[in-house]
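Heads up, the next two complexes both have chain A, just with different partners, chain B and then chain C.
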Partner chain A sequence: MAADYVDWLRREGRIVIVGASLAGLRAAETLREEGFTGSLTLIGDEPYDPYDRPPLSKSVLLGKASPRHTELPRRRHLDAEWRLGVPAAGLDLTGKRVLLADGEEVEYDRLLIATGVRARPWPVAEEAELDGVFVLRTRDDAVALTERLRAGAKRVVVIGAGFAGSEVASACREMGMEVTVAERAGAPLVGALGGVVGAVAADLQLENGVDLRTHVTVTALEGDPMGRVRSVHLSDESVVEADVVVVSLGSLRNTEWLTGSGLGAGPRGIASDAGCRAFDFRGIVTDDVFVAGDVARSPHALFGYQFLSLEHWGNAVAQAETAAHNMICPASDRRPHMWMPAFWSSQFGVNIKSVGVPPMGDELMIIQGSTAERRFVGVYGYKGRIVAGVTFDNARWLEYCQRQIEQGAPFPVEYPTMDRRPEGRKAVPADFPDPALPTHGPTVTLSGYSPADRRLVFTPGHH
Partner chain B sequence: MRIVVDLNKCQGYAQCAFLAPDVFTMHGEEALLYNPLAAEEHRDAVARAAAACPVQAITVEGLHEGAPVEPVQVFTGAPWEPRDGR
Partner chain C sequence: MTEPSLVARITDFANRADPYPLYAELRRTPVLHEEADAPYVISSYWDIESLLHDPRISSDAANLAAAGADELNQAENTGLPPSFIRLDPPEHDRLRRIANSAFGPPHEPRRIDDMRDELHRIVAELIDGLAGETEIDLVDQFAYPFPVTVICRLLGVPREDEPRFRSWVDPLVASLDPETRQGADPEFVRKAQEARTQLGMYLAGLVEERAKDPRDDMLSDLAAGKGPDGAMTMMEVLSTAVLLLIAGHETTVNLIANGMLTLLRHPEYLRRLREEPELAVNIVEELLRYEPPVQLVPQRTCITDIEVRGVTIPKGSRIWLMLAAGNRDPERFKDPDRFDPDRDDLQHLGFGSGIHSCFGAPMARLEAQIALAELARRLENPRLVADPPPYRPNAVLRGPRHLPLAIDGVVA
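Right, the complex of A and B next:
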């Protein structure tokens, strides 16, 4: 009977995907590739064809690509119905319907949720609305920001030195603007890569003429009488003049539309099993609702089955492919999403890459090159195992690091390497900040079980 | 012509920058920058670059004949003048 259902579903079922970006598109393509011939609907609140975000903080800011044209290439013909420019506003789990903000309803037999994250806005609304204050997540954000920068910005203040903020600072410096970066932690990229590597990122910024302020928070944005941003006030009581402010404080997961739906969705994303099937709020797995991409959090065998939320391009693609496959196959053919976390960034002319889960590691060893030269390979260790690797201008080592993680290779690393400097012979504390402090994406969040998350009153079930 | 490079896979061999320099450029020693919307006139060069990438990191839409794609929805907006970064 179950097999009959899957057969019917593949032939003439209705699949709806909410979130028409990277994960949504790649899932749709995979469904068709794997022989799904039923009806396919993609719902997206942005009025654009699915586009790629990583260039927005890199080639787009540098003027090498248009913010209006980073649309993703299609891997195949989709034959889908596109409902773009209208957000999904609710979900009726029992009735199997997605409710749209324009009042329409779309029925499904299987649903994929890929609504991603959005930029965390500046918390003070009047200040966030000042002319010259930007975030960078969407194509519209990128159009607005690049137009302002091209119009001639003198000093840009970037709030938050995560990957996105650091990339913005890098591009603005390259284009000759004065840039101040304000960061709460002691160095850039600390939340993602720890203090040792963060110190290298700090040197990079300083050498490239960034006015880097660490251990500070921004206390206020001040505007002129015309409502244009004029200066930024810092917690050390200094004031920085600015005509452009880029708020880069990480992200918020787009799950509000699922409030009250009964799905296990909240500020940390939507929990799923390793096969991308969403949990409901009681922790029971649904069988017809799947999740993928930045909005998802799922357990990973290599990292102690902790729940991982990844804001990584490659994860969105891989998870979408797995979710799509599992949506239309019999239970015995399902596969787990066991993608090895990996991401890249480029800033100040340096190619930064990482695999695994650096924030899980408490110690770090430089196994190749040296941090002083900003060309190195580092591995992170946790409980005697390698759990992550990071490279600065050494991407070819990444595959090796990945294999080490997969094999559970021991840490500290014993073997000598060709290029091992004295500083790398010893494991040092990787120096991650308290995980309770907010960090900046794109990065990895370990969102394993925490009793503080409990929102229900415990009432044991009756038999 | 829409392009995306999987920069997780990319190992900075610069093969693409060599074969299609108007679309792909190296930024620093290893980092790759590219224009996701390459002009039609570079189609052949892009095709060669995609084929020559040692890790097959480059995806190009509609490169192969017999691979039809849906019509591209174009939304209005001021035409963008790419700055010559060189």
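Right, the complex of A and C next:
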């Protein structure tokens, strides 16, 4: 009976994907690759074919790529119905229908939710609307920002020194603009990589001429009578002039459209089991609704089955593939989403990569190279084991870090490596800010064991 | 009498034409250590891949000498300081970065691709030269001269110096085969040494010229050293140039010769390549898995005790990574002994991996793709004259010494 259903579903079922970007596209391609011949509908609120976001804060800002042409390469012909430019506005779980903002309804047999996240806007609406204030998440954002920068911006203020903010600062410096970065924490990237590595990132910024202000918050954006942004007020009472302000305060999960649907969706994302099946609000797994990408939170075997939310390109791809596979296969063939978290960034000429979950680590050890030279491999330790790795211009060692994490290798690392300097001989506190304090940009969040859990703290496993 | 050790059988020339059954035997003991002082031989894909990324494994020539290097390790004995292939970080990283800034992206994203037309021209000339012949030696007449010419262009060796240049390179490269060297007469050794000195002096002269009057070539860029790492010393430039020169030859010659041999043994792919030259990309990747020019990496030691599959390899041991055995590991590949450029999982260890992964890979790929596609298109009815063909003695860099082919002619 169940097998009959899967056969029928694969042949002539209806699959709907909400969110037509990276995860949505890769899922659709995987469905077809794995032999799904039924009807496929992709719903996306952006009016564009799926495009790639990482270039938006890198090559696009530098003018090396057009924001209008970062379309994702297609792996195959899809034969799908595209409903672009219209948001999904609601979900009827019992009736198996997605409600669109234009009043239409789309029925499904299986649904994949891949609505991602959006940029957290500047909290004061009138100030956010000043001309010259930008966020950077979508192609439209990138078009607007690059046009303004090209039109001759002189002073850029970036609010928030997470990965995206630091990349924007890097690009603007490279183009010769004056850049001020305001960051609440003590250094850039601390939420994602901790204070020791953050200090290296701070040096990078200072050396590249960024006016880096740490331990400050922005208190107000001030405009001129024409409604153009003119200056930025900081909590240390200083005022910085600006003709462009880039708000880079992290993201909000696109789950509001699911309010009242009965799905376990909220500000922390949509909880799913390891096989990408969404939980309902009672913590019971659904059969027909799957999630993937930035909007998902799912338990990970390597990290004690805690729920993990990742805003990582590679995760979106891998999770989409797993979700798509599981959507159209018998229960016994389902696979868990076991992707090793991995992230990259490039800023100020340095290639930064990480694997695992750095914020889970409380100690850091440099096992190759040196932070002074800004070329190094660091591993993060938690309770005697390696849980993450980070490389600055040393990406070829990342795979080793990954294997160490997978094997639960011991921390601190006691053996010598080829290029281990004196500083690398001992573990130091990784120096993450208190996870209870809101930061703008953790690209990985651990949020406890229960699908309903809203804690931000990593809860260690007791094995 | 006891059977010779597996390692001895692998290095035995008698098994050169088809070492793959021996590799299969090897994989039954994924960490093989046959006797004291022998290397630890690693033959499974995943183990090799992970050791190539392991910071406890050293490539430093000094560590290797201490571990008791053998003749398989002499492949770069030029009297110059060690090139980056035989160094560990941080020195390795510095030299490779400088070399890379003269060669590849992001600094010179177009240097290789811009050579496409030139490569086509060189290939066309060499094939034109075969017109009128009915039996050719693909190694001597094509697979060998092609990469020499290319590397000269890339480094910036003037065209008119090429014959001189090649007269030094030939004996030098020939002397790298361990067995040739062992059996060589004193005259041969003297010639090789002289060639080395001459080549060194010649390159030093060129580097000095380029330092004063830079052009668009790698020697100029290496001499100028514009990147954040500064410039190489003259000796470092020379050892890098010699490395590129030798690594460029030894491997690409074999890739092309192994490639043509494999295609002639699988004529359906030769025919398809003639019709769809784009297939060259997949064919070359699959060749790098199925018949990799570099069969094993013998220059590694471990600087601490490490454990592989439950075996503890003691600090200071030599480690051989059997790339060609890993490439046919059934734990990793479906149907590993089948040559199948259509497989959707085209992966291999042919270029190694990790920090020492083949520096010249983009060049080698392009050369082999263009060469094989053009050979397929232009050689009329090519047939193997001998199967297997005579092999070069070298067990590390394996390939036919000659590849005699009968052809009906050359298409324009």
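In this text, the second predicted complex is superposed on the first by the 445 of 463 C-alpha atoms of A that agree within 3 Å, B and C clash if a C-alpha of one lies under 4 Å from a C-alpha of the other, contacts with A are read in each partner's own complex, and residues count from 1 in each chain.
Note that contacts are C-beta pairs under 8 Å (C-beta built on N, C-alpha and C of every residue); 3 or more make two chains touch, one makes a residue touch a chain.
Predicted model only: the values in this text are computed from it and were never measured.
By the document's definition of touching, of the two partners only chain B reaches A:350; chain C does not.
When the shared chain is aligned, chain C comes close enough to touch A:377, but chain B does not.
In the superposed model, A:78 makes contact with chain B only, not with chain C. Residue by residue along chain A, chain B and chain C are tallied for touches, and B comes out ahead.
When both complexes are overlaid on chain A, the residue A:368 reaches chain C alone and has no touch with chain B. When the shared chain is aligned, no partner comes close enough to touch A:11: not chain B, not chain C. Contacts of A:396 after superposition on the shared chain: both chain B and chain C are touched.
When both complexes are aligned on chain A by C-alpha atoms, chain A residues 349, 394, 396 touch chain B in the first and chain C in the second.
Interface of chain A with chain B (complex): residues 47-49, 52, 54-55, 58-59, 62-78, 82, 84, 143, 313-314, 317, 342-344, 346, 348-351, 353, 393-396. Listed in rising order, the residues of chain A touching chain C in the complex are 349, 367-369, 373, 375, 377, 394, 396-397, 399-400, 403, 415-419. Interface of chain B with chain A (complex): residues 2-4, 6-8, 10-12, 25, 27-37, 59-62, 67-70, 72-73, 75, 77, 80, 82-83, 85.
Of all the residues in chain C, the ones that touch chain A in their complex are 49-50, 53-58, 60, 88-90, 93, 228, 303-306, 353-355, 357.
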